[in-house]
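Some structures to go through are shown next.
After this come two complexes, each holding chain A, first together with chain B and then together with chain C.
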Partner chain A sequence: MANSVLNVESLNVEFNMEGNYFHAVRDVSFKIEPGETLGLVGESGCGKSVTSLALVRLLTQSARVTGKIEYQGKNLLDLPERDMRDIRGNEISMIFQEPMTSLNPVYKIGAQISETLLLHKDISPREAFQQSLEMLKKVGIPRPEDIMDEYPHQLSGGMRQRIMIAIAMACNPKLLIADEPTTALDVTIQAQILELMKGISKDLGTSILLITHDLGVVAEMCDRVAVMYAGQIVEQGSVDDIFFNPQHPYTRGLLNAIPKIDAEQKQRLQPIEGNVPPITRMPKGCRFSPRCMHASDRCRAQQPGFFQVDNAEHLSRCWLNEAKEA
Partner chain B sequence: MLKYILRRILELIPTLIGISLISFIMIHIVPGNPVRILLGNRYTVARAAALTKQLGLNKPLWQQFLIWLWNILHGNFGYSYVYDKPVVKLVLQAIPHTLVIVVVSVMFAHIFAVFLGAVQAYFQDTIFDQVVTVINYFFYSMPSFWLAILLIIFFAIDLPWFPSGGIVNPQATNPSFADFLHHLVLPVASLFLVSVAGWARFMRSSMREALLQDYVRTARMKGAREFRVLFIHALRNSIIPLITLLGLSLPALLSGALFVEEIFNYPGMGLLYWNAIMSRDYPIIMGVTFFLGVVTILGNLLSDVLYAVIDPRIQYQ
Partner chain C sequence: MSEVLLEVKNLKKHFPIRKGFIRRTAGYVRAVDGIDLTVYAGETLGVVGESGCGKSTMGRSLLRLVEPTSGQIHFQGKDIMKLSKSQMRDMRREMQIVFQDPYASLNPRYTIGQTLSEPMEIHHLHNSTARKQRVQSMLERVGLDPSYSSRFPHEFSGGQRQRIGIARALVLNPKLMILDEPVAALDVSVQSQVINLLEDLQQDFNLTYIFVAHDLSVVKHISNRILVMYLGRMMELASSNDLFADPLHPYTRALLSAVPIPNPRVKRERIILQGDLPSPANPPKGCVFHTRCPLAQDVCREKVPEWREAKHNHMVACHLV
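== the complex of A and B ==
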C-alpha cells in the first residue's frame, strides 16, 4: 500500500563489538497503516528495542543500520540528522519501558512537555504551557495545574508514564512507538495506560507500534502482530491469524506460555525451553531450530524464508509452512 | 530551609572550638619561641622574662587557651606581636586580596572545567578526549606552588610579560586597575590550572554517567539538538556532584592560595599566615586559623544549599 505510515524493508542492524559486526536485527520488514496498532512481540533479547530505536535513528554509534525505513516517500536512513530531528517527537514519537527514569529529574513537568512543543511548533512559551496543560488533561492526570509545577520524583510510575505519553503525543505525531510501555507498572495501572493509549490512538488517528512480550496486551490492543525471534520476524499476520491459527512453532510456544483463565484450571504454563541466543552466537539454519521440537536436519542447515499461510497477510518463516503454501 | 541553615550555623560552634584547640596545641608543640624571634639580637634573659609576662605566655597553656576563647567571645582577637596591630585589622586588610585570587580563579576554573569535562565526556575516547586527559593529569599532579614557580620562570623571566609578584607596580604613585589586573594574572593562573584539571576530570566522569541516563534518550526522542541534550539536559544533572566538590575543595584552595601568595609576595591571608607562622606570631596564627575554619564550614553549607537549589529531589528539614 502506497500510503502506509511507515514501510520498513529489510532492515538490518549490526553492532560493532571489538571490530566485528554482529547482526542484532536481520532482514526485518513490516508496514504500519494509518490508525493501526501493530504489535511487535518476542522474548527478551529478540531485538525489539533495537528495531524500534533504529526506526528513529537513536541507536549508539556502534550500530550500523542498513535497509529502508520509508516514511512519507523518504528513506529515514538517508535523511540528514537535522531533518530527522524535525521528525522525532513531532511526527514519530516514542515512549519507553522505564517511566521512572525517562523524565529529567531536575526540570518541572510543565517544562518537559512544553519543550517538545517549543522545539517543533512556532509558538510562544505561554501557548506551549497552555497546550501542555491541555495534554495533561487529555492523559487523565488529576490536578493538572499543580502537576505542571511539580518534579518527576513527586509522581508515581503510572503518572510518569502518562506524562511520557503526554510528551510523546504533544505534537500529535502520526506514529507512536511504545517500547514495553507497561512492563514496569503493576497490573491495574497497566490496564489504565493501555486504555489511555487506545483512546488516544482512536481520537487522533495515531498509528502505534506496540512492543511487548505480553501476548495478553497484544490481544487487547493490536490489529496486526509481528512475532520476533533472534533479530528476525518469524511470523506476521492479523491478531486473529496469530491467536487462532498460529503457524510458527515459536508463536505457538509463546501462546502456550500465557495463562488462560477458561482452560482447565491447573494446566501448567509451558515456557519455551532454552534461551534466545546472544547476537554473537546465532545458530545456523533456522534460528529457532535449537529450541524447536519439530526441527529437522534441514531446519538446522538452511534458513527458511517467508511462506504465505492462509491469506496474503499471514506469513511464517518456517519450513513446515512450505508444503502448505504449495 | 532557613531553619536548616540556622541549625548548621549553630553546629559551627563546637567545630570551631575544636579547630582552635587543635591549632593552639599545634603551635605550642612545634619548636620556636615568639619572644626569642621578637627580641632578635636585643635578647637578654631579663628582657625575655618581661616580654613573656607581658604577652601572657607565662601562664599555663590551658589558661592561655581559655583566655583566648574568652576574648574571642567578646570579639577580641588580640594584637599581632610583630605588627603591633589588632589581628582583626590585619586579617581584614588581607582578605580582599585573597578573595580576589580565590574567587576569580575558582569562578573561571569552575566554568571552564564544567565546559571542558562536558565536551570531553561527549567526545569520550576520541583523540581530543585523550589529549585533554593527558594535559589534565599533568596539571592535576602538579602542586600549585611548583606551577607558580614555573609560571614565573616562563612568563615573568623568560618572557617578561607579567610581573613576578606584588599587587601593583611599587614605583607607580597612582596605580591603575589595569596594573592591578596585570599583577593578578599569574597567581590566578596557577590556582586556575591546578583546579581546572581536577574538576574537569570529575566533571567528565559525572557527565559520562549522565549521558547514559534514560532522560537523555528522551531528550533526543523529542527532537532536541545535541547541544541542547548536552548542555540543558545532561549538564544540570551532572554538575550536582561537582557542587559538593566545590565546597569540599575550598580548604585545599585556600591552602593553595597560601603557597601562591607566598611565592608571588601577594599580601593576602596566605602571606599573612605564612609570615605569622615563621615569626611564631600566635594571635595571628590563631585568628587566621579560626577564620579559615569559618570559611570552610560556610563553604560546605553554601554547597549544600546550592545542591538543594539545583536538585529538586533534595529537601532540608
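== the complex of A and C ==
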C-alpha cells in the first residue's frame, strides 16, 4: 500500500563483536498502516528493541544498519542527521520501558514537555507551557498545574509513564513507538496506561508500534502482530491469525507456554525446551530448528523464507508452510 | 485437609524511618501489618499483590530473615519467634527460600559446586564425598548437567541460574520453600520450564510452597490457595478456583480484571482503579483500600474491616461483602 505510515524493507542490524559483525536483526520487513497498532513480540534478545531503535536511528555508531525504512517517500537511513532530528520526537516519537530513567531528574515536568514543543514548533514559551498543560490534562494527570512545577522523583512510576506519553504525544506524531511501556508497572497501573494509549491512538489517529513480550498485552492492544525470534520475524499476521491460527512452531510454543488465567482445569504447561542461541553462534538453517519438535534435516541446513498461509497478510517463516502454500 | 505446617498470628513488620543527625525515628513503614495464616503440608499458597504491598517482606519475615516486629510464627507446632539465633539457623534446614533475581542471589566467586555444598557444610551434613554426590544428584534433579558443578554463575543463563537457586534450597531437604517471585525475571518459554520443574519437585519431595508473585496467571496456575495483599494487610484468601470464579473483595476484582488475557476475542468489563498505591508509611484510616475503592462508603473510611469467613473457606476483609 502506498499510504503506509512506515514501510520497513529487509532491515539488517549488525554489531561488531571482537572484530566480527554479527546480525542482531536480520531481514526484517513490515508495514504500519495509518491508525493501526502493530505488535512486535518476542523474548529478550530477539532483536525487538534493536529494531525499534534502528527505526529512529538511535543505535550506537558501531552498529551497521542496512535496508530501507521508508517514511513519507523518504528512506530514513539516507537522511542527514539534521532532518532526522526534525522527524524524531515530532512525527515519530518514542516511549521506553523505564519511566524512571527516561526523564531528566533535574528539570521540572513542565520544562520537559515544553522542550519538545519548542524544538519542533514555532511557538512562544508561553504557548508551549499552555500546550504542555493541555497534554497533562489529556493523559489524565491529577492536579496538572502543580505537577508542571514538580520534578520526576516526586512522581510514581505510573505517573512518570503518563508524563512520557504526554511528551511523546505533544507534537501529535504520526507514529508512536512504545518499547515495553508497561513492563515496569503493576497490573492495575498497566491497565490505566494501556487504556490511555488506546484512547489516544483512537482520538488522534496515531499509529503505534508496540514492542512487548506479554501476549496478553498484544491480544488487548494490537491489530496486527509480528513475532520475532533470534533477530528475525518468524510469523506475521492479524491478531486473530496469530492467536487462533498460529503456524510457526515458535508462535505455537509461546502460546502454549503461558499459563491461562481463564483455564477451567489445571493443565501442565508445555515449555519450549532449550534456550535462545547466542548471537555469535546462530544455527545455519532455520534459527529455531535446534528447539523445534518438527525440525528436519532441511530445516537444519537451509533458511526458510516467508510462506503465505491463508491470506496475503499472514506469513510464516517455516518450511512446513511451504507445502500448504503450494 | 492435611496437617498444619505453619501457623502465623498477627505478624507485623514495621520498618523505622530515621531522620536527621541523631537518626531519631520519625515514623514507621508498615510493610506487613497483621497477617494471620495457616499453611498446610503439601499445599502451594500463592501470595499476590502489587509492588510495595509487603508480600516479599512477609515471605522473608517467616524465616526471620527480616526480624518481625511482633506476632507469632509456629512451624510444625514450634514457636520459632522464641528461638535463639543458632536455633533458628538449625530450623532453617526445614525452611528455605528461592529469590527473584537469579543474577544477584548467587555468589559470583563460588563455583556452582561450592554454592550447593555450602548449606550442607553449615549444617554439618555428610562428609565431603557424600556432599559432592548430593550436589551432582541435585543438579541432575533440577535438569542441569552434573559436570556444571565446577562452573561459575556467569556461565549460565537466567533460567539455569534459577534452577541452581532451587537446587541450593533443596539440597537440605526442607519441608517448606518460600518462592519469592521465582519466575518473574525469566522469559515465557523458560518460565514455563521452571514452573513445571517446581511442580515436579513438589510431588517428589513432598514440599510445601509459599509462592510470592505479582503475575496472577502464574499464581493461579501453581497455587491451591491464594492470599491477596494490599498495603501490608490481607484482603482476601480463598482456593485458587474460588478466588478467580467468585472474587469478593473489590480490590481482588479490580486486580483480576486488570490482567491482560492472551485472547483477542475476550472482551471484559475492566475495573480501572484510580490513582496510585498510598504510602505504607502513612496508610489510610479504616480500610486501607478505601482511597481507591470504587464502592467506598463512610464506614470504610472509619472502621477497619474485620477478617472473616464470608463463604466456606473463603476469607475476606471488606465491610460491603
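Basically, the second predicted complex is superposed on the first by the 324 of 326 C-alpha atoms of A that agree within 3 Å, B and C clash if a C-alpha of one lies under 4 Å from a C-alpha of the other, contacts with A are read in each partner's own complex, and residues count from 1 in each chain.
As a convention for this text, a contact is a pair of C-beta atoms (placed from the backbone, for glycine too) under 8 Å apart; a residue touches a chain by one contact, two chains touch by 3 or more.
Quick caveat, the model's predicted, so the values are computed rather than measured.
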Do chain B and chain C fit side by side on chain A in the superposed arrangement, or is it a clash? fit
Regarding the shared-chain residue A:21, is it in contact with chain B (first), chain C (second), both, or neither? neither
After lining up the shared chain so the two structures overlap, which partner does A:239 touch, if you call chain B first and chain C second: first, second, both or neither? second
Winner on chain A touched-residue count between chain B and chain C: chain C
Between chain B (first) and chain C (second), which does A:254 come into contact with in this model arrangement: first, second, both, or neither? second
Could you say whether A:188 touches chain B, chain C, both of them, or neither, answering first, second, both or neither? second
Could you tell me how near the closest CA atoms of chain B and chain C get once both structures are overlaid on the shared chain, in Å? 7
Shared chain A surface residues [contacts with chain B and with chain C]: none
Using the touch rule from the top, collect the residues of chain A that touch chain C in their complex. 43-44, 142, 156, 158-159, 186-192, 194-195, 213-220, 222, 239-240, 243-244, 253-255, 257-263, 266, 268-273, 275
Over in the complex, which chain C residues touch chain A? Could you list them? 50-51, 157, 159, 187-193, 195-196, 199, 214, 216-218, 220-222, 244, 254-255, 257-266, 270, 272-273, 275-277
Flag every residue of chain B that touches chain A in the complex, lowest number first. 213-215, 217-225, 233, 236-237, 240, 310-313
Where on chain A does chain B make contact in their complex? 56, 58, 85-90, 93-94, 96, 98, 101-107, 115-116, 119-120, 151, 153, 164, 167-168
